[in-house]
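Chain naming follows the written order as A, B, C and D, and within any one chain the residues start at number 1.
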Amino acid sequence: MTDVTIREISAIVERARLAFDAAESDLNAADGRFGDGDTGTMLNRLASAIALVDLKAEPDLGSAFRKMAAAASRSTGSSLGTLVMTALLAVSKYAAGQSTLSRQAIPEMIEAAATAMLARGGASLGDKTIVDSIATVAGELKTAPAVASWEVASAASRKALDSFRDRPSRIGRAGRYGNKTIGFDDPGMLAFAILCGALARSNVGLRPEEVSE
Amino acid sequence: MTDVTIREISAIVERARLAFDAAESDLNAADGRFGDGDTGTMLNRLASAIALVDLKAEPDLGSAFRKMAAAASRSTGSSLGTLVMTALLAVSKYAAGQSTLSRQAIPEMIEAAATAMLARGGASLGDKTIVDSIATVAGELKTAPAVASWEVASAASRKALDSFRDRPSRIGRAGRYGNKTIGFDDPGMLAFAILCGALARSNVGLRPEEVSE
Amino acid sequence: MSQIINSALQYVDEMLEGLVAANRSLVRLGEAGRVVGLSTPGDRARVGIVSGGGSGHLPLFTGYVGSGLLDACAIGNVFEGPNVQSCMEAIRVADRGRGVLCLYGNYGGDRMNFDMASELAEAEGIETSTVLGIDDVASASFDEHSRRRGVAGIIYAYKTAGALAALGASLADVTEMARRTVERTKTIGFALSPCRLPGAAVASFELAEGEIGMGMGIHGEPGIWQDRVKPADDLADEMLDRLMAEALGDFRRVTVLVNSLGATPLEELFILYRRLARRLSDHGVEIVLPLVGRYTTSMEMAGASVSLCFLDEDIEPHLLAPASCPFWTVP
Amino acid sequence: MSQIINSALQYVDEMLEGLVAANRSLVRLGEAGRVVGLSTPGDRARVGIVSGGGSGHLPLFTGYVGSGLLDACAIGNVFEGPNVQSCMEAIRVADRGRGVLCLYGNYGGDRMNFDMASELAEAEGIETSTVLGIDDVASASFDEHSRRRGVAGIIYAYKTAGALAALGASLADVTEMARRTVERTKTIGFALSPCRLPGAAVASFELAEGEIGMGMGIHGEPGIWQDRVKPADDLADEMLDRLMAEALGDFRRVTVLVNSLGATPLEELFILYRRLARRLSDHGVEIVLPLVGRYTTSMEMAGASVSLCFLDEDIEPHLLAPASCPFWTVP
């Protein structure tokens, strides 16, 4: 991971688009178990919409994230989509006025996103939602070396997925099924693991010199 | 074939019931090709309804056939079912007041049924309907030996089926498909062949002494 | 998909029991309970209108018994015509002293039974007339249009003849209105999946997943072509072209019915309607009283039909006259 | 079965275009066209009512925009809540100066977006209140009933709150009427076959041929039990028992909705209704204004639901008050 500029964000967004396009039916199937089967279709559309946003002319990171939040909001009103928008609004506030965000600030920014998502969605940590994955990743990134830490993020998101699999969902559509959800991945958590994995594999956000290190 | 009394009629009806119960799905499939797929279900129900009619106390053949016609009418309003009712009314008229019908009269009685069916349904001979089968059977019975002639009837009904197969339907649901129906059996004709075949196999209407001949 | 039934033999009678229990404007009549009429028929002398046909097509036929529409219906088993007794009873129920129009789809069994019933009715002193629904353009060529099947478009004849009967017109005039409406109404449909006779183990025809049968009848009678399904707009265009080719002379105003055969959802009907409305408006044609929904079905069959009625000065006011039945209200 | 669509991405917008083209009482509004309101809203000061939710459930939600019912709806993509912008626009459209009730089903996305929109509306000076539909008894236990999903029964709250709003009542009273109606309305449904998201290659859940999922949600959320399908009367009995077990105290009068999820035909609904009506009458319970048809669907899903609203003196007159929208008219 590098310091974040608009260039990195664009690369991440493009990688996310490809990842969710490929994962559409798997994520739908995960959501179909206790939910309405649309997580994959929604994320695919959401990521495409965000990827279409032209960020080049944005003056700073805050306004870039705000534009992305607006695109997210336009394209869906699903639980997860709305939480993604909420997260983007939160990081937009966090990065307001800045054109570069240091790599050291990234975990804190992710935490800001998680906090806003909990406030909007009414979930708590431990409810087995995407926020549990996000919080786990933020935590691990804090103590990890800064370089190549998408792999840290990916490992952390997998760890969250594994450790929550045998716990019950407590909120959202799946939350109504309590212990029946034990043994199954939460689709939002799975989506986040897929995203982090794709970013780790493609070394997005690593500057050339870091890759060759 | 013997002279016909109510006893023979009851046996024929019972055999018909069994035959149409077994043939229900085949006849539905034949009707499903150009029609509405219900010939088998309808005939199964119709035959069961007629078999439930208690003919024992009927004073003569005319009233027995009239009771059967009423049962047919109560159980369906389909093309074929209505024609069956029409045929039963016609034979009821033909046999009015008689308690036995000589075997020699049978072809003429069948012809009376066919004539009434053509009048009610508006078809002509050659239109590829059940009436073509019935007329063929009546014709062949006229020239055949009187004993064991269910086999003659069965052969005649098969002959009609075979010779009409490659001709086009000209009336009813299938009639709208003209040459497309070439190569396929008319469901009504098939039903009549199934009935005659079943009667031939079970020797219904043959008195014991004839069977042992 | 499974069917929610108790027994195939009781299907029609239980359905009718539920229908009249849920719709108090309707009553079951007739020795076998296979006639549906109005709970409060009124006693004004006027022409009566009866229809009828096989079951499995709700809201057709019984659902159109109502004021300004049908007076009575005779109901057959699934896909079978009503028997002569029910037809006769329906005619008697509809009789208000000025004759009865028998208005039903062109199918053999229905025709034979209504014909017999009309003969019996005439013998009882009830004058009758007959008009057959023949709107399905896919079922025979224009030259042979009198052999065509009757499908969803018949409801327009119910509506206009019903409106004229309510005004006290003669049997001849009510009959002529029905005939004229039938003549100007054209339908084409397609199927996407079959239905099953109640209790049957297999569907009454086959249509592979992803296939469409253009021109298929409401009982699964084969159509004009069968192929992989096409985009909605292409289907709408083809159907509209086929219907407009049947127009009798110039036309400026039409009514349109986009009808689901059962399983096809409203969402898809509106996607079709959108295209039809655009194209008709491009042609300078005005749509009056469009209907989009389930007006003539085949149980759980998937598919849809489009009906056009080319309006004229006689038909339009009667189409727009107030009427109400359980499944269609014109305020 | 195949879907009649042009493109998955355009599905909702093309459907809405067709919906308003076919129903001239409705207009599409909002920046993205994802709000449906009344063409002639009238200008009398009164409480407005908005609803909304994901697409794929027609006639829910937009079909209930009409006089004596909803003032506006916000529409999301298939099975996704409406976005905050559409919710906000719908609230503005419904605003007649006396506050706006947001009345929608208990789903996460819908809730987050209407909550945000309400915050924005309050900032603009529009007072709002919220009532969530929570009628699906299979979706959580009685103790946790506030977590239940909202399904078909919400239309009764539309009806009673709409009637009270039309009378000029305050936001507090309209809100209380909606809350009270929701509290007394219980639904249970079952699925017989799944549906597919537009353009998706596979169904969003699996249900083997001949199987029934009792208690499944309208998006295919799992239910209480899954087994071979049973006779209609057995299903009706189980559903009625589960609903009656939720009755608050004594009751003598109910309204009943037997709703198809899409593909299940009217014939089967009437077979179910017949049994429900018999059993309620055996219990001495009177049925008021029964509804049998498609009131809340999931595209081409097969299945049905039964809703009961236990009436009281406050609810009944508002249920029976005149109202009209494209898919439901109370004369």
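Here is the rule we go by: a contact is a pair of C-beta atoms (placed from the backbone, for glycine too) under 8 Å apart; a residue touches a chain by one contact, two chains touch by 3 or more.
Nothing here was measured: the structure is a model prediction, and the numbers come from that model.
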**Asked** Which chain maximises the distance between its CA centroid and that of chain D?
**Response** B
**Prompt:** How many Å are there between the centre of chain A and the centre of chain C, using C-alpha atoms for each centre?
**Reply:** 54
**Prompt:** How many Å are there between the centre of chain B and the centre of chain C, using C-alpha atoms for each centre?
**Reply:** 33
**Geometric centre distance via CA averages, chain D-chain C, whole Å** = 29
**Prompt:** What topology does the chain contact graph adopt: line, ring, star, complete, or other?
**Reply:** line
**Request:** So, with touch as defined above, which chain pairs make the list?
**Result:** A-D, B-C, C-D
**Asked** What does chain B use to touch chain C in their complex?
**Response** 25, 28-29, 32-38, 41-42, 45, 73-83, 85-86, 120-121, 171-173, 175-177, 180
**Asked** Which residues of chain D touch chain A in the complex?
**Response** 8-9, 32, 54, 74, 76-87, 107-110, 112-113, 115-116, 139-140, 147-149, 197, 200-202, 204-205, 217, 219-222
**Partner chain C, residues of chain D touching it in the complex** = 1-7, 11, 14-19, 21-22, 55-56, 58-59, 192-193, 209-212, 229, 231-233, 235, 258, 262-274, 277, 290-292, 294, 297, 299-300, 302, 304, 324, 329, 331
